[in-house]
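First chain written, first letter: the chains are A, B, C and D, and each begins at residue 1.
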Amino acid sequence: MRNVWSLYSDKVMEHFKNPRNVGEIENPDGVGHVGNPVCGDIMELYIKVNNGTIADAKFKTFGCGAAIATSSMVTEMVKGKSIGEALEISNRAVAEALDGLPSIKMHCSVLAEEALKSAIDDYLTKNRRGKNNVSL
Amino acid sequence: MRNVWSLYSDKVMEHFKNPRNVGEIENPDGVGHVGNPVCGDIMELYIKVNNGTIADAKFKTFGCGAAIATSSMVTEMVKGKSIGEALEISNRAVAEALDGLPSIKMHCSVLAEEALKSAIDDYLTKNRRGKNNVSL
Amino acid sequence: MKRIYLDYAATTPTHPEVVKAMLPYFTGSFGNPSSLYSCGQEAKGAIQEVRVRVAELIGARDEEIVFTSGGTEADNFALKGVAYANEKKGDHIITSSIEHHAVIETCKFLERRRFSVTYLPVDEYGLVDPDDVRRAITNKTILISVMHANNEMGTIEPIAEIGRIAKGAGIYFHTDAVQTAGHIPVDVNELEVDLLSISAHKLYGPKGVGALYIRKGTKLIPFMHGGEQERRRRASTENVPGIVGFGRAVELAQQEMSEEAERLTYLRDQLIKGLLERIDHIRLNGHPQKRLPNNVNVSVDYVEGESMVLNLDLEGICASTGSACSSSSLEASHVLLAIGLSHEQAHGSLRFTLGKWTSEEDIGRVLEVLPQIVAKLRAMSPLLKSHR
Amino acid sequence: MKRIYLDYAATTPTHPEVVKAMLPYFTGSFGNPSSLYSCGQEAKGAIQEVRVRVAELIGARDEEIVFTSGGTEADNFALKGVAYANEKKGDHIITSSIEHHAVIETCKFLERRRFSVTYLPVDEYGLVDPDDVRRAITNKTILISVMHANNEMGTIEPIAEIGRIAKGAGIYFHTDAVQTAGHIPVDVNELEVDLLSISAHKLYGPKGVGALYIRKGTKLIPFMHGGEQERRRRASTENVPGIVGFGRAVELAQQEMSEEAERLTYLRDQLIKGLLERIDHIRLNGHPQKRLPNNVNVSVDYVEGESMVLNLDLEGICASTGSACSSSSLEASHVLLAIGLSHEQAHGSLRFTLGKWTSEEDIGRVLEVLPQIVAKLRAMSPLLKSHR
């Protein structure tokens, strides 16, 4: 439900007020850096992978309410998922999980998706280098 | 004194409500016709002259409040005046006698002056023709 | 003396319900709708509700409504906006010769800026002939603008027919619905218009607020440049209380429209009949049937309009005239001249426009008072004699 | 939770006295000022009184004041009006790079319509250098437009000096005084301006009303085409209640201005001092002294503006930011970039603008709350680390 008196849904505000998984992971298996200062949104997403499953995810974000909420949400959504499942999380799915975003803020959900993909990419690259093969 | 709630001064409204000297003079000594339907103001001014003095003046006017009030005022002002004095009545004098006119209505006072001049002209022309000479 | 207001086409009193709806937005929810915090978003939400409501009134979608400062801005926006955005396609605009000045003067401005404009004639009732529209179209025509109903004589134009022609030719079509929205049914799809102007103060809303309907896909540029309000189509901090009042007025109009139109039509016809019976040398201007429910416009021979209006005012009756004297130019109404009236007749016009607080007694009072006024003025008219 | 409104530069609540003054003009004296009868003339008289009052506020003559729908319209009117009326003389306009969008976007529009525009840079405090103006003048220059005070960072520009240069060169000079009129002294003769924009809702008047001062003899064409209102310079039925409210607001401003400016300057400096003391890696934007009495604008390193605004809102405090995220473009404030801030710093800006109902306790509350918010957001900032 979208609250008329707020730019954001209650769910977005809830994640904005109490963002989940804030921070960095020491010795992460993958890190994604996306965004740039010109647009005012910068996200860092860290993942820990155990047996092809994302065991933990954390983020650091410089950005607006939507940027923080989508970061929080995407880290929640990804935990416990296999790499394959995680790659299927779309920006729309993140936005929907937050009960929607204002149209001018949809780019934040895109950023969250990209941060996740970029962290997984980083993990896969490192792994390929290390073990030469990974089961998705 | 200009009443804020009215386009016109109290004096204009008084002459508009109770115009003086409405009508025609039978066998007038001079008649002035001025104005035209395009502009929406038509005035007819009749004078009766006795020994070079304007003994009576009447008017008929198709026009706005200011046109009626200036017609009424000019006929009042002219009565008892010599032809020479009458010719000196300016449109400003008529407007002032009415405690002023809105600027977009000043043309009505011009019309009143012209109506008077035209009536006097008519009188002078007829007279010149008749008596060959008139003392102003 | 009781005041009898019969100039509802000039402006309407703001409905007390409308004022009540506006009040909280002056001092309470006064925030700027562009602001992020709650009191700004609250104002934004209020505006959005009105947008939905205005859209509903005219069968549009909410995102097709842009709020403006009134009918004049809506007309300027539509015409200049389409002209500038489509000048590569063509430079020709078609309009009628009886449009409101907001359209006519905008067209004249565009003529000075290298556009060319055709002003279509009207018949004796003020009707535009759709065939004239068809014939006026060239391959340079980018916009047609014909008003829904004329503000002076109330004639309702064949907008749907013109709309079909415009659509067939792929030309944008604007209608000025300032006198019709909220008074008679207006549906942008039935009328096949791309742009439509509304003004709140003509339907018991506040002055200084209006809207332009812009059909989705219409190419036009903003008129008011600046901030990103109204999805970048109209800059300036939104007049929140005004827009909220507009919304309440639209709501009331929707509820009361059909009943009120019937009531006013009855009173209108009573007034017309009474005037024609009691005053000789008088004529009805505008179409007898294809006419706004609240409009009575007559020309009274041999007398000038302003002098009638002032005399009516002395009796507590508010009416208007198309006489020159009511304006700073000396020309009589272009509308009345366009239907073929002589200058005298145009200067002798009188308009009564009825509304929510008009009663049968009010009509009776006009019918009692006006013949006396006319008699008094005719007694001083130099025209009567020459026509005798 | 008590709401602490600190966004008076975005809009002010309408003063209760102003609302009271407006009310009779909705339902009682609701007439159209163009009407001949008494209730129209009454409205016309009311407008005229406000015209005299607004003229007095800025040292002008009443016939030099034209009412508009707000600051944006005044800016559009001034720029487009002068440009179109003087295009035979030249096509060059000079403005600054920190103008409000109402000026900048209008200039961009004019650039697309074959005018050329010079956007002058500003120094680190946001000041335009009068010598830059002098150097930018060509024999094609027809208009200079530099705002009186900037709405984001409050810097007050050297308008009188630029005015002297413009006058010496015989070039029209416009200033956007939306943020200054009613707040600090504004005198069109001291400032030597030919055109000056005001908006009522920035000085406790209603939204949707403003004025353009036009020095007698200034050549410009209307922006809103249509009827003959405002001596043919601005068409559309006058927003009578709005204008009356504007008048009352100006009256109150005149009475309270100097005392209020002093009070706000004290609170402003308290807030600036407190913020700089309690938060590290923070900087004041705009000139420390040549600054509006009510404006505090800071950049807080490593955190983004919208997230601060939203957190402040959760604590009942209304503030604003020049961050991209507050608009549909993604660019940070052109004003903050113009004074040389990095994108991060511009996105990390926060503006508090104080007003009539701001108390010392309110300032205390901000000083208590903001450091915690900044700490919380910095804890999640990826920038902090990289700057460590």
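Keep this in mind: a residue touches a chain if its C-beta (ideal position, glycine included) is under 8 Å from a C-beta of that chain, and two chains touch if they have at least 3 such contacts.
For clarity, every value in this text was computed on a predicted model and none was experimentally measured.
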| remark: Excluding chain C, joined-chain groups are one piece
| remark: Taking each chain's mean CA coordinate, chain C and chain D are separated, in whole Å, by 33
| chain A and chain B: spacing of chain centres that average the CA atoms, whole Å | 89
| note | Taking each chain's centre as the mean of its CA atoms, chain B sits from chain D at a distance in Å of 54
| chain B and chain C: spacing of chain centres that average the CA atoms, whole Å | 40
| message | Multi-chain contacts only, two chains or more: what residues does chain C have there? | response | 36, 38, 306, 310, 327-328
| In graph terms, nodes being chains and edges touches, is this line, ring, star, complete or other? | other
| task | Pull out all the chain pairs that touch, please. | result | A-C, A-D, B-C, B-D, C-D
| message | Per the contact definition, I'd like the list of chain D residues that touch chain B in the complex. | response | 36, 38, 41-42, 45, 48
| query | Which bits of chain D are touching chain A when the two form their complex? | reply | 302-307, 310, 314, 323-325, 327-328, 330-332, 342-344, 347, 379-383, 385
| said: Quick check: in the complex, which residue numbers of chain B touch chain D? | reply: 4-7
| remark: Listed in rising order, the residues of chain D that touch chain C in the complex are 3, 5, 7, 10-14, 16, 18-19, 23, 26-27, 30-32, 34-40, 69-73, 75-76, 84, 100-103, 105-106, 108-109, 113, 199, 201, 206-209, 221-222, 224-228, 231-232, 235-242, 306, 309-310, 312-313, 318-321, 326-329
| query | Along chain B, where are the residues that touch chain C in the complex? | reply | 13, 16-17, 19, 22-24, 33, 37-44, 59-68, 104-105, 107
